[in-house]
């Protein structure tokens, strides 16, 4: 098992951090970019997963399982959120027959 | 702990009672559960118990906040008896979801680990996303729900990113350990840690709707069913501030200077933006949303003053604020019904003519929000200012005072409407229970304004 | 205990009134209550030692529910309790709707005012201070005249904004008190605040009072509010509420920030004197009587404010005397104005004239009140203004001269108004106007008698405040301004 | 005796006060003459009491008695008792006030007979008498001031007695306001007196004043301020314009207030303060200038007046100027003497004029009168006596008093004498012009049916004419073998300046030359108005420039309107419309509206657009990150 | 190993970008699944085997299927052109870029972080995680049930068609 550990050490932590940051930014950009609510939801998932990756990487470097447990919880919550989010979208679709986020502008001023 | 367990159990019981097709028993059962919860919570007073490897620390602080939130929830449930009479479906679900949200709030008051904070926020939020969309056929309700959901999740993502960064630096989620970790830097934090902390703070700030992360709140308040709005404006805000305070008190204080400045900026922005936007507001629910933002600013002021009694003041402020806001929403519901669904401020016209006592109590509540004596709202603001001034934040206090003046304008604008003649008077019908509750709230606001006791938390 | 009774009697009666259906009974009970309060107050004067009442209240915040009084409070208390029976009585004429509510609000105001004057604790003071605003706001809003919604809101916000700065000041002082913080006046009075702090703290504290009085240029809420206000509303506003500003300033500024006062003394006095002349000059061309009297009241109050900041023995004596005198006079004046409005249906001077032909008695009574207002000797107004001008002269002869112009300017606009209302040829529109009735006699004769008696025998008032004035006048450090006399 | 004086002194003002209360309160119940009778009786009682006091004081051998009724104001070291000072000066004034007052009251019964508000008239007259008595009896400046303002107020009431006429009301207000301008100076003076002497009581001040150095700035200031008060009340330049306008009141009012008593209050006050004035030579010089200027100026205006009362009014102003001149010369008792004689003959003139107006049915224009000598013999004779007196023809009273002043002027500076004499000659001319125009020639107004006035009016005329004729004998100078009785009498109360006495020969020379000139003037007037029967120009006729200027009273009223009233109105409008409405109000409201506008802007940010919300959130986060990274 | 890392990273980034920029929702889902699979590879690289498995099951297996299901249900499978205005899209990209740079700047000092515990190889395995999860993290684990119950209630409420 030693080689695995050394293998992990081969890749610097920064790489994971950068990767996560990039993923997070892309996700965030997607949220801003997309108009389709379902796609926005997917981008949100991207953001969550970048966090997961980051936590796992830190966890591995710290040799601390807590980080990975946290990832587990994030997954749980993400699943629940997606369920709720999708059901809201379904409901919206039923009411206005669209998943366009720009339609959400009746509540204002 | 037993209180928390009992609460979840009652939530599930209420959910299952929904099958009984008998709406009338729901509220009594739920309220009984909440009352027992209060009892069980108070039993733990001064014990300072810790659970599950310090995942949860139930101290006086959390008990006090829990009890205050449960009391407000009871109030909302009592009002709900009448409110849900017209609703045919999902009444049990509404009650249950509120109770679930309350369990989330409980977690937020007693966490000592970031994971519990995260879970607490989510357990609080997800029921709220659902509750906000409670009027399924109303697109406004859908919109509120989705906006809340999307912005909430978005904020959660940042929050989690922040936790990840902090974890990366400190290798722990446990607040006291984070505190010691931060302490070793002596104020000069590495940027990653700083950004992580910032993201965590932003995540919580979003929940309590601090500017510039407040944009969701007016829309969501407006679109949600009014009772849910009341719940959001009161219990959720209380929970958010309990969590905020705990986060700061257990983990992050003394804040590094840049972060502290950031929070001050947020505070002042909240006061300013909330007030300005409320000035010309014509929709009552939005008005109260902006008012909530302003009051958030005041609570931030109390919190950031970092005084020994900040927690006590925060508790008092949130409770008093809730006590005035809930009945205002209820009065609003009745006025809305009397004016066939309008939400404008003008619907209050003729209130004094028809129901003078209700107008009087409305005056008391609005005065409390505006912070005029002899109501509790005044004392709350007074105590906040005592904190901030005694810590020497004179300029900010003056700013807050100017903002308080602006606030009076729109509260009294509403009041003025209530005391003017109506062109189209529809009968205002109000149930006896709700009248009694409004009176109780009004008297409580007055009494709390005259006699306060300091809770040692 | 007796103080508690004085404080609570009006409000408790007021609450009781709300239960009544019959307006006639309600106002009689209200009247009785206010008269009873007056009698108790009169009894208070002779009570030795002066009673006080104190009980622990929100102790952890350093607030005591403590009531007490000195000569200055007593004067204010006397004025309040003296005027309220008349204010209530003046409501006996026309059948308003919701008389119990109106009387409740009036009595509520009375209680709050009494609270302001009795409070020995700044926090308590502030609560009552704000509390006066609430019922007055509703009196103005519900019974006011044209454009009342906007004007009342302006009035409310304007006065409140000052008050909130006062609140800031109180809290700041609270945090300065040593040991266990407290808001007791006695503790505030012993603070030694650095002079630099005092210079800004002065304004924080003063703004509230300046707006309430009002002092130029903080007065813009006043004319429109007075003009719009209902009879009782304006009587309360002009008669008593303005005095709160004076009382507050006496309580807060001189004992607590004496160096601040000294630093700003000349500025403030100049502002006040500008106010005197400014308001008097403006009053001359007003066509609306109420607005005219509003400006006249502002002129008088400004003079009183100037006297206050002189803070020597004469000016304070004169000020306190003038508090009573101005209160009585202005209430009588506004009452008569409303009588005229009720009789003729207008407040505009150009539409009046010749009222004396049909209402000679009213004309005479108004004339006497006008004389009181322009400080003719042997009316109360003269004694006060004489002492005030004397006080000003002791400080600077120029200030005395500027302040004294009120004698001339007051005569100009008051007599002008009197002429436009009463004198002139028969006015055909007024033929059906009736002279004054019994009720008006009951209100005006005692007030006028007071104006005259106080002018002829003012001594009781002086004796009442003697002690307090002596302590007051020593509050300021030695004045460095070289007066004409010392040169 | 002193105890007696103390115990009854208060009765003197109390009678008129009682009269005021009775006639005032019961005014609707009193029938035609009752009010007048009550009022006259009470004033007469007052006169009798005053007489009694006079004799008591003489026999008591004391110079003065202070009667304290109660403490009026007692605040700290400011102690003002409500007290009367009965001394020779005040007793003289009391006698004049009550005596002349009583006569005028009686006269008024006839004069005001037809007026519907006759009760009010007598009430106000009584109130005036009361105030005037307070003025002269007050033992300190403040009590004097009470009376001072009180008479001003009564004057206001009585000028505007016929309140239907807006012009009369305006005149009343003008009188009051101008008086008030003076009063401000007076009250400031009193206050400074108090701060200097720690008292306002005459006796205490004068006992302390001796210790002061003459010409001290404080004393000068005080005396000037007091002088301002006197100038207002006694209608001197520049505050004289109210007096001619004050003729709007009923004629007895003019006689009592604007001739005999109130307007002389200023002279009384300065005479009273003689000790202070003696210490202030600058002020005395100012007074000489003012007095002389007023005397001549008003006399010149009087030349061209056609309203009988206006002529008399300007003559009053002019005579008051002489009194000021006397005061300025330090001849205080001479001033008081002239005051006394003036009270007699001017009251007589006014009452005579009243009688004429009464007879002419309200007509006051002398161009429309004429030939009344036959129809109204008593009036004519009394009027003649008064005219001779005012012109200074011996042995009429005016001769003695005026001559005294002229002599004093000569002692000071011959130029003063010449100017003063010139004024006297002008006085003589316009008085005779008046006399000739009214009583000689033919009746010019056909509609009027003049008749002699009833006895209730003529008897006071006769009494007054007796006083006018013989009043001068009160104070016969040593030159004519007299002992200057009045001067001696007043000596205890007034400290006149000691000046070098003229030799008798100079004095006699002066008198003879002035008499010659007077005779010339009377002749001139006779030739013009009786022989040639020249009528003053009608209002429409064009006059020479100077004549026009004089006829229009040098346009002083217009100038005042232009310089004071109009700008005051403009200032008022400016303050209200510009400063209040355009600066202060908008400034306050502007804060409100600006905030509100800004609020609307902020509100519009909340456009309901999700993208915007998301962007805003990200933007906020970005800014905060950058902020904490930089800081 | 290093090559593997870079390859997986490249796949992730490209797929993520495609998720953002491709128009068809179905394609989005597919790319996201690809992205997640690559992420599972990363988990394995990091020796977090438990997570890798859970990730594949939960995300790829459940969540993404849910997405697909909803897209089908709502009949969105055809490419509907829902695009924000160009300005918005450009600013979104710019914002994303700036955000990336700023975060990079903030995290550039990661290398200064030191491992908290000596390296252990077994904690990422199911047994290791399980021990921690049911010991230290028992309470959150239990509480998450409430989360699910709420979500279920919500999904049921919203999804059900009312009569």
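List of remarks:
First chain written, first letter: the chains are A, B, C, D and E, and each begins at residue 1.
Rule of thumb we're sticking to: a residue touches a chain if its C-beta (ideal position, glycine included) is under 8 Å from a C-beta of that chain, and two chains touch if they have at least 3 such contacts.
All of these numbers come straight from a predicted model, not from anything done at the bench.
Note on connectivity: the fewest chain-to-chain touch steps from chain D to chain E number 1. Common partners of chain B and chain D, by the touch rule above, are A, C, E. The leading chain pair by number of C-beta pairs in contact is A-E.
Of all the chains shown, the one with its CA centroid nearest the global CA centroid is C.
Centroids built from CA atoms put chain C at 43 Å from chain B. With centres set at the average Cα position, the gap from chain C to chain D is 37 Å. Between chain B and chain E, the centres computed from C-alpha atoms are 31 Å apart.
Between the Cα centres of chain C and chain E there is a gap of 71 Å.
Looking at chain A, residues 17, 24, 27-28, 31-32, 57, 59, 62, 64, 66, 69, 73, 77, 80-81, 84, 88-89, 91, 101-102, 104, 106-109 sit in touch with two or more other chains.
Residue positions of chain D touching 2 or more other chains, listed in rising order: 592, 603, 606, 608, 610-611, 614-615, 618-619, 625, 629.
Contacts with at least two other chains are made by residues 115, 119, 122, 126, 129-130, 133, 136-137, 147, 150, 154, 165, 168, 171-172, 191, 194-195, 218-219, 281, 409 of chain B.
By the contact rule set out at the top, the touching chain pairs are A-B, A-D, A-E, B-C, B-D, B-E, C-D, D-E. By the touch rule above, chain D contacts chain A in their complex via residues 603-604, 606-611, 614-615, 618. Across the interface of their complex, chain D is touched by residues 28, 31-32, 101-102, 104-109 of chain A. Chain E makes touch with chain A in their complex at residues 1-2, 5, 9, 12-13, 16-17, 19-21, 25, 28-29, 32, 35-36, 39, 42-43, 45-48, 50-51, 54-55, 58-59, 62-63, 66-67, 70-71, 73-74, 76, 80, 82-84, 88-89, 91-93, 95-97, 99-100, 103-104, 107-108, 110-111, 113, 115-124, 128-129, 132-133, 136-137, 140-141, 144, 147-148, 150-152, 154-155, 157-159, 161. Residues of chain B touching chain C in their complex: 356, 363, 367, 372-374, 378, 382-383, 385-386, 389-390, 394, 397-398, 401-402, 404-405, 408-409, 412-413, 416, 419-420, 451-454.
Within the complex formed with chain D, the chain C residues making contact are 154, 157-158, 217, 219-221, 223, 278, 281-286, 313-314, 317, 354, 356, 371, 376-378, 382-383, 386-387, 389-390, 393-394, 397, 400-401, 404-405, 407-408, 411-412, 415-416, 419, 422-426, 456-459, 462, 466, 469, 485.
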